[in-house]
Amino acid sequence: MRARVLPGFTLSLGVTLLFVSLILLLPMTSLVGQLAGLSWSQYWAAITDPRLLASYRVTLLAAATASLFNALFGLLLAWVLARYAFPGKRVLDALMDLPFALPTAVAGITLATLYSRNGAIGALLAPYGIEIAYSWLGIALAMAFTSVPFVVRTVQPVLEDLPTRTDEAALTLGASNFYAFRRVIWPHIRPAVITGTGLSFARSLGEFGAVIFIAGNMPYETEVVSLMLATRLEEYDYAGAAAIASVVMLVSLLLLLAINLWQGRFYRRLHGGSFPG
Amino acid sequence: MRRIGDAPATRAILITLATLLTTLFLVVPLASIFYQAFAEGLAPFWHNLSDQYTRQAIMLTLLIALVTVPVNLVFGVFLAWLVTRFSFPGRRLLQTFIDIPFAVSPVVAGLLYLLLYGRTGWLGSLLSEADVQLMFAWPGMVLVTIFVTCPFVARELIPLMQAQGSADEEAAVTLGAGGWTLFRRVTLPKIRWALVYGVILTNARAIGEYGAVAMVSGTIRGETVTLPLQVELLYQDYNTVGAFTSAALLAAIAVVTLVVKGVLEWHTQRRGKRHA
Amino acid sequence: MSIRVHNVSRRFGATTALEPLSLDIAAGEMVGLLGPSGSGKTTLLRIIAGLETPDSGTIHFGDRDVTRVHVRKRRVGFVFQHYALFHHMSVFENVAFGLRARPAAERPDNDEIKRRVRHLLERVKLDSMAERLPAQLSGGQQQRVALARALAVEPEVLLLDEPFGALDTRVRVELRRWLRHLHEEFGFTSVFVTHDQEEALELSDRVVVMSDGRIEQVEAPATLYRSPANRFVFSFLGETNRFEGEFHHGRLVNGEAWISVDARPGAADEVLMRPHELVVTTEPDEMAHLPARVDAISPVGSDVRLELSAEWMRHPWQVSLAHHEHERLGLERGSHCWLRPTRLHRFERS
């Protein structure tokens, strides 16, 4: 190892290790400790409770819907923000970060109020038999809201990096807009779209604050996994909560690992450049 | 200059669609927060704000932010300095650890702390023998908030400091600058805006954190209720205007955060252009 | 296909990229647009391609007015400065792109596309690299792919923006010859942009010299070099030695140095000479008195280059002379000598 020219190695290493151990790693040990107290069959029973199974289903369905919506919405917004100049663009750009800046509980009560049957938007939809609040659609809506920035902020810089001459080359060769997008632009941004959608999905799986207000929390119907976790805690069933937490953590860590392996650089770029989740 | 999709019609349709969807999806909810807060006029708004519990919630929220931000600022700077200025075994692993709070659901974060410091946890039982209770009290809430927000500052600084390299610092060392002078005179001016940005993000999240804090709060009115928890309590009590009054306060902070972020970005972009 | 540029102008904000200018290019001709950066040559090329819209004026391809025709309908082949290959596509797919992009009715079938791309890749000697990605090729190979891609759509006009700018000298010279052959074989009309006068003079049927958004001169290379229209063209086309002075009795005088010239009224008080338009002698002469000192001697190809200095020179002069001449004179660094111009160029001062 080369000699350290700059000062502060020992100090910064000490501070960092102390912090990481106390704040990040120490709490992890408690989860391991709690789980160690469970037998395998107890653990299996805790994570396959029928009500919990139903909540897995709702959570996955809603998160998938939300991230699919965000993939489309994010792609559109990233395109518009990266490609066009128009009045109000700065405002539109800033608004993309609103879901990360706005506390999730505030988002939750706002969406619940707006989309309930007598809310401003819910009242418009009710005559058509569309109920968003207190259904899995409401959960998906809340999840979509809180994870808007992921796709936009992953795709936008990649689109901005695409040189003008690539577009021009496609155009001089006679390509139509659609053909050029499909063959030239899409392959370039696809990794970013997938990464952003994956992050949005991961975030949605764990979302709590925004969801519980609009979900209605009907057992077997509209309970999300994080609510089940919170319910176990309220019942002082710490072992059960820890079991659920281990599933949630495992899934989100695997998901993030997969995304990282898929396109590590896009992930770093996201956290490097914009509101991280 | 010609680009794909630059035909006026395509442009107009896409911009309109994007604006409409954003309005419906983001602007309407934001506006409705303020609409609901002032639905019964200004007087109830002020009345709700001056409510004792709300004021205590504001104070607690400020306290949490006031402790969290400096702690994570110091940690973030040390971490960024460590991983961008030195190479040592385990550097990448350390950078992975710092991502844990991003990967973990806030509810799980709350649970982790509850399991550790709660009555049944090994550290919690030791502490309770010493008559120290962290859970269901403000210190526990501060701790989970620190956990949830610790990556923000470091995440802003690391890519920037990596890109800048350490040539300037090395030059300063050869000129005899000591540690603190080096940081204050050479490094700090270069990372100032990223630092401010990181602080704003940390602050916004610290003020608004709900899931993790809810797990360890115990929701004792006037004692362990932060502003987001107060929003929930009032909402569950069907005090809509009250809930939205607190919500509006939080939304206003969010808007200020976005504006400051926008200004900072504009500032750095302009500087970037000038230097280019 | 002939190209007619009529009264075309273009501004970008407050800067004028092109003054109104006109240019006629005959079918099958190869024309080089030569000028320093910012002279408007690339803007003119991009306007011809349809990548920029002119503020005024018209563009005709043959009899067809293409001024308002979108770039994708103009059917020009365009080769970009840094190739602009599609990085995620193989060499084969890059070349096939223009054919596959056609609307179904005009699109050749798959076998036909394969046949044509193969043929083109053979022409550019890249048939063995068809499945590689652009990043796996050298710069020269990438440029050949870019050319094949542009040619695949069978354009009648081929436009090239600094086509060899990013390549090293040897590859550049080779590609230049190869492009010339291709041009003759396919018979398209070619316009290319360059800032390298050697490239322009070697490759073009006619050279268009541009500066500050104007056309300074349009001429065949030999004529252009022999009789430049103005001082800018002269100095841009090659190395220039400059003598400044004041007129006294039929001489242009600067200190101890002088050159005999006719005192034309209105003529500038300077004369210009190319490095090969000077003879080195051991004594002064009745036509010129130009004492100088040899600062550097470097053999370059068939010539020997001397760098000379003197008190009356503002910048060092360059003189080239044959090897046998240099041996005869026996010059060394620091030697003193005299210069005699064999030809003087005089222009209106701009």
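Labels A, B and C are assigned to the chains in the order they are written; within every chain, residues are numbered from 1.
Everything that follows uses one rule, which is that a residue touches a chain if its C-beta (ideal position, glycine included) is under 8 Å from a C-beta of that chain, and two chains touch if they have at least 3 such contacts.
Everything numeric in this text was worked out from a predicted model, so none of it was measured.
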Can you give me the shortest step count from subunit A to subunit B, moving only between touching chains?
1
When the contacting C-beta pairs are counted for A-C and for B-C, which pair yields the higher total?
A-C
Where subunit A and subunit B are represented by their mean Cα positions, the distance between them in whole Å:
16
Express in whole angstrom the distance between the two chain centres, defined as the mean CA positions of subunit B and subunit C.
57
Within subunit C, the set of residues that touch 2 or more other chains is 50-51, 71
Residues of subunit B that contact two or more other chains, please.
1-2
Of all residues in subunit A, the ones touching two or more other chains:
168, 170-171, 175, 180, 184
Footprint of subunit B on subunit A - complex, ascending
1-2, 4-9, 11-13, 15-16, 19-20, 23-31, 33-34, 73, 76-77, 79-80, 83-84, 86, 88, 90, 92-107, 109-111, 113-114, 120-121, 144-145, 148, 164, 167-168, 170-171, 175, 177, 180-181, 184-185, 202, 205-209, 213, 226, 229-230, 233, 238, 241-242, 245, 248-249, 252-253, 256, 268, 271-273, 275-277
Could you pull out which subunit A residues touch subunit C in their complex?
163, 165-166, 168-176, 179-180, 183-184, 187-188
Flag every residue of subunit B that touches subunit A in the complex, lowest number first.
1-7, 10-11, 14-15, 17-19, 21-22, 25-30, 32-33, 36, 74-75, 78-79, 81-82, 85-88, 94, 97-109, 111-116, 118, 120-123, 143, 146-147, 150-152, 155-156, 158-159, 166, 169-170, 173, 178-179, 182-183, 201, 204, 207-211, 214-215, 227-229, 231-232, 235, 240, 243-244, 247, 250-251, 254-255, 257-259, 261-262, 266
Which stretch or stretches of subunit B touch subunit C in the complex?
1-2
Subunit A partner contacts - residues on subunit C that touch it in the complex:
49-51, 71-78, 80-82, 84-86, 88-89, 97-98, 100-103, 149-150, 152-153
